[in-house]
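Sharing a structure, written as structure tokens. Questions coming.
First chain written, first letter: the chains are A, B, C and D, and each begins at residue 1.
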Amino acid sequence: MSANWGHNIELSLFGESHGQAIGIVIGNLPAGVRLDMDAIRWFMKRRAPGQNKMSTPRQEKDEVQIVSGLLDGVTTGAPLCAMIQNSDQHSRDYSELKVKMRPGHSDYPAYVKYHGYNDVRGGGHFSGRLTAPLVFAGSVARQILQEKGIVIGAHIKRIHNIEEPSFPVDVDDDLLKQLSSQLYPVLDQHIFSQMQNEIEEARMHQDSVGGMIECAIINVPAGIGNPFFDSIESHLSSLLFSIPAVKSVSFGSGEDITKMYGHEANDSYYYQNGQVKTKTNHNGGITGGISNGMPIIVNVGIKPTPSISQLQQTVNVETQTDTQIQVKGRHDPCIVPRAVVVVESMVALAILDMIR
Amino acid sequence: MSANWGHNIELSLFGESHGQAIGIVIGNLPAGVRLDMDAIRWFMKRRAPGQNKMSTPRQEKDEVQIVSGLLDGVTTGAPLCAMIQNSDQHSRDYSELKVKMRPGHSDYPAYVKYHGYNDVRGGGHFSGRLTAPLVFAGSVARQILQEKGIVIGAHIKRIHNIEEPSFPVDVDDDLLKQLSSQLYPVLDQHIFSQMQNEIEEARMHQDSVGGMIECAIINVPAGIGNPFFDSIESHLSSLLFSIPAVKSVSFGSGEDITKMYGHEANDSYYYQNGQVKTKTNHNGGITGGISNGMPIIVNVGIKPTPSISQLQQTVNVETQTDTQIQVKGRHDPCIVPRAVVVVESMVALAILDMIR
Amino acid sequence: MSANWGHNIELSLFGESHGQAIGIVIGNLPAGVRLDMDAIRWFMKRRAPGQNKMSTPRQEKDEVQIVSGLLDGVTTGAPLCAMIQNSDQHSRDYSELKVKMRPGHSDYPAYVKYHGYNDVRGGGHFSGRLTAPLVFAGSVARQILQEKGIVIGAHIKRIHNIEEPSFPVDVDDDLLKQLSSQLYPVLDQHIFSQMQNEIEEARMHQDSVGGMIECAIINVPAGIGNPFFDSIESHLSSLLFSIPAVKSVSFGSGEDITKMYGHEANDSYYYQNGQVKTKTNHNGGITGGISNGMPIIVNVGIKPTPSISQLQQTVNVETQTDTQIQVKGRHDPCIVPRAVVVVESMVALAILDMIR
Amino acid sequence: MSANWGHNIELSLFGESHGQAIGIVIGNLPAGVRLDMDAIRWFMKRRAPGQNKMSTPRQEKDEVQIVSGLLDGVTTGAPLCAMIQNSDQHSRDYSELKVKMRPGHSDYPAYVKYHGYNDVRGGGHFSGRLTAPLVFAGSVARQILQEKGIVIGAHIKRIHNIEEPSFPVDVDDDLLKQLSSQLYPVLDQHIFSQMQNEIEEARMHQDSVGGMIECAIINVPAGIGNPFFDSIESHLSSLLFSIPAVKSVSFGSGEDITKMYGHEANDSYYYQNGQVKTKTNHNGGITGGISNGMPIIVNVGIKPTPSISQLQQTVNVETQTDTQIQVKGRHDPCIVPRAVVVVESMVALAILDMIR
């Protein structure tokens, strides 16, 4: 498995769900950045499990231990390595998981790719738990972006069929900061309670649901990106599709733009206080692969959690026969709420990698 | 601007719409591959403009001249450079385009990024014409894949609001080859005539429409890809978002999977003749970022052509005032039909890059 | 600072001399490799300080703790993270080092690059101590190479002016394994005692000496490498020049080949038992950037240890005045003996990266 | 074969000695650079063959045709593609070269790697002729560097055993520009005539000689480079070892530094007009992999031209028997003089790639 990503900001991710620890090495960070550990802890908390019945009861403190690259709270320019010890592993029998492939999971492709040597306990390196170090890295990135005036925020746009409005064209700093201060950010709290009901209902049926997250990045200057082969869309999507369960990525009005007429989809330019703006933002702040100065808008579709405790049909790769499986353990009936900060973090890393 | 992409298969793309020539260098190709130039010409023809009223009347023969890397019709292992001379450039006055930014186009971000030095004639390096060398490269890639039994095909799934069915779960070689033999591949010719009407209507209104392309890759063995940061989804999307006008990429059932319950979205495994299969394919042949042996399904959303001859509001960056623009020239009212083979080509390159 | 290197085998190095720990993440390792921890410990020991008066008396057990990627002693295919806790840090006053730049060291360039935020304690991330995780990674690499029959070994070819013979043309498995079993490998033990005297004399004068290491890799199949821009020479040198104090890299007869006539330098081919061989090996097994099947020979020149306790002229960057410095602490009067296994390790990583 | 190199400045090289054309694509160049074509032609001329009896009588005008990326003489920011048509190919029988491997050349490793499909005519893609596009690219790079005050120059330091002095510690702009204006740059014209005699003598004996080139880069600011894994030494050597016939690369005093004592090798710092300087420059302007502001000095060792018309022992890979070969054609008895500008060009590209 590859561990590394990045050109300017380098990431190297390691660890398994039930191993000793998980962590990340971040290369090419600027020296002299004082890390706001409180802010980092808040972002980590937004991702952490066990906070309510929407998520897995697994309790992990997700306490980040910084191994290198930081001196007196300030980055030294050397690679920053952060680790999180795994504390709440349930030691149980994983022999069934080695041979019965959970549908919708990485189990079968990983079994083939790693010839059966992959760590299946809790999903191993494929576990959603690996997003914890990514949120740490993203939190560092957004602090650096913040100093350049670039702010990131996201909201739960849809859970199953319950949808709230999209970002307004003039999404601003205040709105994004207010969203970031919510444990589960939404624009409309009333719709959120319907979303919660939807999740609760799925949980009652030993089932799960997915949804959609919309993320905005404001104040990215015009002129960032490339036509071939490193458009902003390419760069962001390559990181976003590394988040487990993400199956769609779109920009601006996303799939809706494909149903518009050209005269609607073309965001008209105008000057506002000497700055070029567009009246609409169907292109999500990007044309020709390059930022145009408007908010960058990205939509991320997340499938229902594959871990459900219903009985499912599957195969046993040892006996090479059809069989059934009931996935035990602690599952989120919907990971969308916890994934919001993961999306924000990946976006922060991708944008920081492009603008340095 | 970056020219390069790739790890195993390397691409370096060059040229402008109204420059001397466009072309591509392909590195790391295997030696000893006899190129089927007839097949390549057919793929190039599917992309070429001027074939009917759905596309721009610009006439370009798109004749590929191979500069290096081929001896007696067989690859030598040295970088393969292919060039296409630009023949049908209209020499006209481009001074308006240098200052009036066409909405929905790369003009404004490119103006900022390149400080006004970018070639605006016909869109320069941002022109859709740059996809011609990409189709050449993709055609070479699919010949190499074909020898491994891997076959790629796509269809126009939707034009504006006119939609045809998706691929069946058991999409096979025959269906894909039959699609590839069509100039504009569809599963249902009856719906295609409605699509054509939709495009014609947009053209009559000096407007444009977009749509959706669904692409399948069959016989990719299980075990290709990575969880972080180079999932098949990441790898494919990074190339697909380099195609001008692409605004969304999704896999399998795409955004629909986010509206399913877990028990629906989880594709159940079973054995068929000793091979692991799934009953449904909502995950598009990929779980955990890695292929599971089922057809890889990717959906690509394309916005309406930004070039429309209606009067549009925009800015003049020289005078820094609001103004209007009427985009003259030869435009496609819908580029989706010509984009099908471009999508297939990008997919071929991405998959070849991953499996070598 | 960048942490990452590699295309197939990925490395991400972290840690500082006097920080909590040093370590490395290795990506893209094959699954199913049983690590021979005894062999690894032996290679680590060859690099470790404190074994005799030739090296620094700092005592570090260099005990490797594997954080991820290994289950029951076998690689899982997930990134392998290995850490070494720093135990024997002397906590002393480093304020002088922050402003007085040690000649021959990274201090001044690092001060400029990291704006004074770099960790200066013991050299921080620039410390030779960072080669410990590299030896770990190289030891893993050579186990994988060993299974392909590829064997690596090196010897101290020169200390200051005391030189021993070069490898014979037919350097073989037995010789290389015998060298690897020596703490400080040499071909001629008699000359080694002269080398030791040379080092001891330098130590007595509070001075230091450098030298030359010759490394051989046998059984690399012909056909590995590239003419542009990733020749074996390019690939190896890019890693070798990451070893602190390395100032020259050459292949085969190295600088001597530049003094030969063409008829001498051209290694003539002949068949031996159906295999193509060369009578001489002045080109070090590489022509045109590609292996020819003969032993790959690389020579690595190492400068005298910059840490000497003599009084030296330097600058104080705070007061911006000339000053003097006496570098205290535990120093190696010659790092060449300990560097042999570091060179072998880097070569193992570079070759493994190229042949997978 | 790989075609690509680079992170910021991207290179993609293509073409064969006796193919239609050779060329290069340069990605990520800044927009708005007016190319000084006269300067470029001069650099190309310094590399071109056929200028005197020291070099091959092959006549190639090496006229560069710019295919893309340039408008009205100014870079647009789009990939710059430059081509050189091959005009003076002798069409003769190459069937002997396909089976008889020339000693010291890439023939045999290429035969294995490309399964006999590689173009052997004139060495194909391995030909020294491929350095012509590299000199073009390097000439563009040094114009961009020049605007930042960075100047590059080199001299023939040694031919066979005839050696001239090294650069003085305070090598400056004037000296480097004067060297660049020479067709074959040397510091001491008297020694150059001895060098010419040495080459002439080798030519008379149907033999060849090699030598050493010393290159200086001045005004690179302190703080460029990395400790791991992208030191300036790593970055420069990876390009320099792509020049055919280069077998050694060293920095500063090179192999001589390995014979010094620490108190000699450590370049002492002092302030001169508020700037940090070193009294000596044995480390060649680089410590810890990072520039210290002093001239960067790199030494490049070049082996004798492998093409000699003496009868040589070799193998026939078709009959798998030992045989003899007499390499016909037009050869340089010494390529060192023509290689000087190639070294300068590679250094320019490597430094530009690091400082952007």
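Just so we're on the same page, a contact is a pair of C-beta atoms (placed from the backbone, for glycine too) under 8 Å apart; a residue touches a chain by one contact, two chains touch by 3 or more.
Keep in mind the model is a prediction, meaning the values are calculated, not measured.
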Pair in C-D, A-B or A-C that repeats B-D, with over half of contact pairs matching by residue number: A-C
Chain of greatest Cα-centre distance to chain A: D
Separation of chain A from chain B, taking each centre as the mean of its C-alpha atoms, in whole Å: 27
Rounded Å distance between chain A and chain C, as computed from the means of their C-alpha atoms: 39
Centre-of-Cα separation between chain C and chain B, whole angstrom: 46
Junction residues of chain B - those touching two or more other chains: 1-4, 13, 110, 113, 125
Sites on chain C touched by chain D in the complex: 1-5, 11, 13, 101, 103-110, 112-113, 125-126, 130, 158, 160-161, 202, 205, 207-212, 221-231, 233-235, 237-239, 241-242, 244, 246-255, 257-271, 274, 276, 278-279, 282-284, 286-293, 299, 301-308, 310, 312-315, 317, 320-322
Residues of chain A touching chain C in the complex: 1-4, 6, 10, 12-16, 19-23, 25-28, 31-32, 67-69, 71, 74-81, 83, 110, 113-115, 117-119, 124-125
